[in-house]
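Next up: some structures, all given as structure tokens.
The following pair of complexes shares a single chain, subunit A, combined with subunit B in the former and subunit C in the latter.
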Partner chain A sequence: MANTFKSDPIEFKPAVAQPAPDSTVGIVAWMRVNLFSSIPNAMFTIFIMLGLANFIPGIIDWMFISSTWSGVNQDACVGDGACWVFVKAWSQQFFYGSYATDQIWRVNLSLILLFVVIVLSFTLPASYRLKVSVPLFLVLPFVCIAILDGRLLGLEHVNTDFWGGFSLNVLMAAAAIIVAFPFSFLWALGRRSDMPLARSISVVFIEFFRGVPVLALFFMGSVMLPLFFAEGTNVDKLVRVWIVLIFFMSGYMAEVFRGGFQAIPSGQYEAADSIGLGYWQKTLLIILPQVIKVSMPNILATFVMLFKNTVFLLIIGIPEVLQTLLTALSNSNWLGGHAIEGYVFVGVIFWVCCFGMSMLASNIEKKLDTSHRN
Partner chain B sequence: MSTESKIADSVEDTIIIKDLNKWYGDFHVLKDINLTVKKGEKIVICGPSGSGKSTTIRCINRLEEFQRGSLIVNGVEMVEDVKNIEAIRREVGMVFQHFNLFPHLTILENLTLGPIWVQKKPKAEAEEIAMKYLERVKIPEQADKFPGQLSGGQQQRVAIARSLCMSPQIMLFDEPTSALDPEMIKEVLDVMVELADEGMTMLCVTHEMGFAKKVADRVIFMDAGEIVEQNTPEELFNNPQTDRLQLFLSQILDH
Partner chain C sequence: MFKQKTTEQIKAATRKTESGSHAFYNNPKYRAVIYQTLLIAGLAYFFYTIIGNTLGNLEAAGIKSGFGFLGNAAGYDVLMSLIPFESTDSYLRVFIVGFLNTILVSILGIVLATLLGFIFGVMYFSRNWLIKKVSVVYVETFRNIPLLLQILFWYSAVLATLPGVRDSLSLGEAIFLNVRGLFIPKLVGQDGSTLVYVAIAIAIVAIFVMKSWAKKRQDETGQQFPLLYASLGIFFGLPLLATLVAGIPFVVDYPVLQGFGFRGGITVIPELMALTIALSVYTGAFIAEAVRAGIQAVPHGQTEAARSIGLKEGKIMSLIIVPQAMRVIVPLLNSEYQSLVKNSTLAAAIAYPDLFNVFVGTALNQTGQAIETIFMAIIVYFAVNMFISFVMNRFNRNVELVGR
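Up next, the complex of A and B:
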């Protein structure tokens, strides 16, 4: 067939791409499409704008213009707006609880280690990213505990009663999700298993911890869990809560992982089988890395939920940031009604962290969409 | 049954399938399949979709279970025993319609995974083998890329190389060119023809009739879970015995 073609064919040149017409790009076009596309839509836009114009100046005035920033005690709070002196004076407690001031570097070191490991897990070259970051993550909680507790490292011992503040929220959430990770993976495998016993145990576990409110779980952890420990052993309250958080989290994450497993095409299992890989080789070398990758945005979303849930620890008297705020509000030197400032402050720091994680999640999602897919 | 029990049969016959029956629930997919494949024989299986051709070859390395009948590969009988299944999978390579490369591993890692983890070869040796086969499928320069960076035709050639790295006795091809753009079919078929010329035992589910005519010793036509006809390619295509095959051929050839 090929030898019947013309001997001197016409050369084909693709046409040059042209820019899109002006009417579809730019801010005016964007507003027309998104804000004023129809009469009800335009009215709604104007209504919302008026509402914002009504409230926002008042809020800005309270927060920034009429607010008090300098001073050291209640006496400074004379302005009409917010008295940020209150937050400033209590900021160390809000972040570090009652941890001894000269030992605070240990809390900071733990937070820095956490941050470094997270950054490494996103920036290391793909070829050994998992191999390095997974072990780092798994030892991290124990390293942090050793640093904060101090006894193992020959540092001054700081009893867990003194741990607290926002750093405790962060570290508790991180330590819980990290340890929950391998467990949730096993629960998810169990739920997908062909073995009826493994499957039913997994289903019961997962559904129990997903179905029971986290507050009830915390009470169980502080009241019921000691009954299971050998008599005479006094397990630290924070450890008990940690165990509860791990169980709670692994229930949720098992479902996240199950979704991840379902996203892996059956061809991946078949290809692994046809090469002759065994069950665990197939699961750990082929399936797990892909499951972690597709589940990453959902893992982060679950983490945001867990992170916010750590404020419920106040209900069993753990001095996390909200509990510290309540203590500060009832302090006799600060009875000036600073509740709004305090709650706004706690709200903002949580929001900044959670929003950051959401951004990270959507970033990962975008990357997943374009990166090497099969 | 003892593991890897050798069953006395002609050494020439690498695959012996007797009265194979398979059901999906109540649906009878394979009905009394009988097929013997000699060492070095190249067989093409064709037929309409849903005729059971893929299921048949997937039974050979037990990606599919079957409920009745017997299947012997290289003297090892396929039974409910992990050892036997693994022994058979070591002898049988498979190439899939959708390539099924591991997207999170580089091309080289895709190829060395089996030799390192299944055959327990040292990494350096596995990489040497991998590069040898990548050269054979003519893409050694892609070794450090990820599967998603390759074209479909290149991915399928990598998939063939990945199977060959395990030095299989038998290669199964499950519609290896059906998911490819027309411009890429030839590069994959060329590799397959080369493999056939080297004497590999091959079972190919494909609709590439040119390929069948070129390399097949025998073409099998299946419909409704049965082997309807089998013959040399010339006889089967030029002289169909059944109305079903005549209809099939008229539909795939007349345009």
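Up next, the complex of A and C:
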């Protein structure tokens, strides 16, 4: 009997799996769930579709199909579409301002240095990352200024009046946030300090620079700041704006850091105390690295704000990218109404940069978020 | 023996520390005093230097400091003014005109931005894929483009392409839109219109009274009162009734084409339109993001729990999700409103006559009183922002989690 079981086992053969019903897979089912799940939903979908069908072809036609891409001057633009020749003809101005053409490599070099330092700060081995990248960052603005100005390095001197364009926006924002970093850290520490005077001074400083419109700060930089220096001192316009941006930024960043400090569990402070570290050892070696890590998304968000705010410089007459665009639009050779092309172009540049940075910020945030919500 | 000696030594060492034979500069108390003294001394020296320099510079430039210039005639005209203004009026009047214009654009911006923000923020949670994507595209597009660029875009690329006065777009021959601005009819109150204004005031008071009565009744008896419909009824019904009783004491002043422009009605200048549109679209994107964050911060378990006790979907939203989401949204709204007010200074780029433009811009140029004008403007922005903060904090106290 036992043998029969062995020699004649009952084989289990599952029935061939049926395909999922047509109503749950495929594009039709997806559309039914996501676009036409109820009558109001279907109405909204049709409404939006009609709207898109009305606008999108026209926009595509204007941007790509009937637009003009080649040519050197306005006469090339005869079609109804966008005149990208305008953007092409002015592109060097948009990116580099009036910087001399044969010296543009210096602007590029500064941008490349900035890029390299940023990449290094992410890729260096963790054991000496902070020790190398922090000094590099702090030296960078001054190296860039030396390269762009040229006098110190024995290069041809380029006056700051000729600096401009989008590269100025980028470098200005970077230089401001880098120098603001240590300051904001000090203000944040001051605001958390036990010393009442230090605390109140920090609070007044932070709230002043956060509460005042940026434009008022720029006016202060261009009209009031010269009054503060001794008679006869002539401080460069860009340096004054730089100082203003640094103060503005350190006010905002101090609040970001304060949030970071509050996010560090008190056990970290107590552990550092218990192994006998002094105040600065504790702050710089234990707390600060953690604060920078947890505040990274907010630091990036603040930087995006600063970067967008650099276009405000046009109001005090500094030739950053938007000011260059306005100059180009009022140029007598280009009076054909290219406003939309110009704004779209500058808008897209800013959008790509800012959107990229917000994506980066939310990625870091997701990586840091170890909670189990949802 | 040996062990005992060690303990003795330790004790001795400890005693030494306690008795304070260490240098006084290692005592945190003294240290704090020293640091703060140094800080104050440094600051005092800093301010002493800059004040000295400033006075010296002002003297060299021949500018008399002080607020005396406020009484002088301004000598320039302002593009738009909510109160009567002539170029012979004083700088103080310019200040008030600018202030009112700033308040006007701020209120318009805040109302529209809140509307846009809540609509697009809630749209993100739609089950309709297309609606959700529209919300995402709106937020990501307008949040990541500098506001100044948007203002200039609306002003010189969109509104400047509107038709001229003679071929204005019109809606029922009452509302006109052209390159000179938007022209809308105005209601002019005649005799008896006071009754209607009184009715509006009574309606608002009545709604608050009714609200507290309904809450009290619900606490006592558990019966709910259809508050929303009743308030709407009172708010529109009472003034309407008053209007009819007083015999419709209003005349509509329509804008009419006369010569080269429109006369009558209310004129909304394109500068105001561009600034309002740009501010509200830009801030609306941030508010939409805040609303989305607030709703997402409510754990999904709350929805499930609400469903399990049998609440309807609409009630879940209004009774469970929104009150909890508001705790996150309100503080964010507070800072968005404040930055909207601060951003309204960008009016300078398109010459909308806000406080900053007419006062810090033009008045400063004419008088050279840099410190006084900037100081006055900054005080105003601080005051407005403190007011917003005060109102929003009061509101926040209503939605906050009550700890028991």
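Points worth noting:
The working rule: the second predicted complex is superposed on the first by the 320 of 374 C-alpha atoms of A that agree within 3 Å, B and C clash if a C-alpha of one lies under 4 Å from a C-alpha of the other, contacts with A are read in each partner's own complex, and residues count from 1 in each chain.
The criterion applied here is as follows: a contact is a pair of C-beta atoms (placed from the backbone, for glycine too) under 8 Å apart; a residue touches a chain by one contact, two chains touch by 3 or more.
These numbers come from a predicted model, not from an experiment.
Shared-chain residue A:Phe183: touches no atom of subunit B or subunit C. In the superposition on chain A, A:Val214 makes contact with subunit C only, while subunit B stays out of contact range. By the document's definition of touching, of the two partners only subunit C reaches A:Leu314; subunit B does not. When the two complexes are overlaid, the chain among subunit B and subunit C that reaches more residues of subunit A is C. Of the two partner chains placed by superposition, A:Phe162 touches none, neither subunit B nor subunit C. Using the contact criterion defined above for the overlaid structures, shared-chain residue A:Ile286 touches subunit B, although it does not reach subunit C. Looking at the shared chain after the overlay, A:Ala271 reaches subunit B, while subunit C stays out of its contact range.
Subunit A residues 373-374 lie at the interface with subunit B in one structure and with subunit C in the other. By the touch criterion given at the top, residues 61-63, 86, 89-90, 92-94, 96, 98-104, 106, 113-114, 117-118, 146-149, 159, 162-163, 166 of subunit B touch subunit A in their complex. Residues 126-127, 265, 267-268, 270-278, 281, 285-286, 289-290, 293, 371-374 of subunit A are the ones that touch subunit B when the two sit in their complex.
Looking at the complex, you find that subunit C touches subunit A at residues 32, 35-36, 39-40, 43, 50, 53-54, 56-58, 60, 127-131, 134, 140-141, 143-149, 152-153, 156-157, 160, 299-300, 338, 342-343, 345-346, 348-349, 356, 360, 364, 370-371, 374, 377-378, 381-382, 385.
Considering their complex, residues 34-35, 37, 41, 44-45, 48-49, 194-198, 201, 211-216, 219-220, 223-224, 226-231, 304, 308-309, 311-312, 314-315, 322, 326, 329, 339-340, 343, 346-347, 350-351, 354-355, 358, 373-374 of subunit A touch subunit C.
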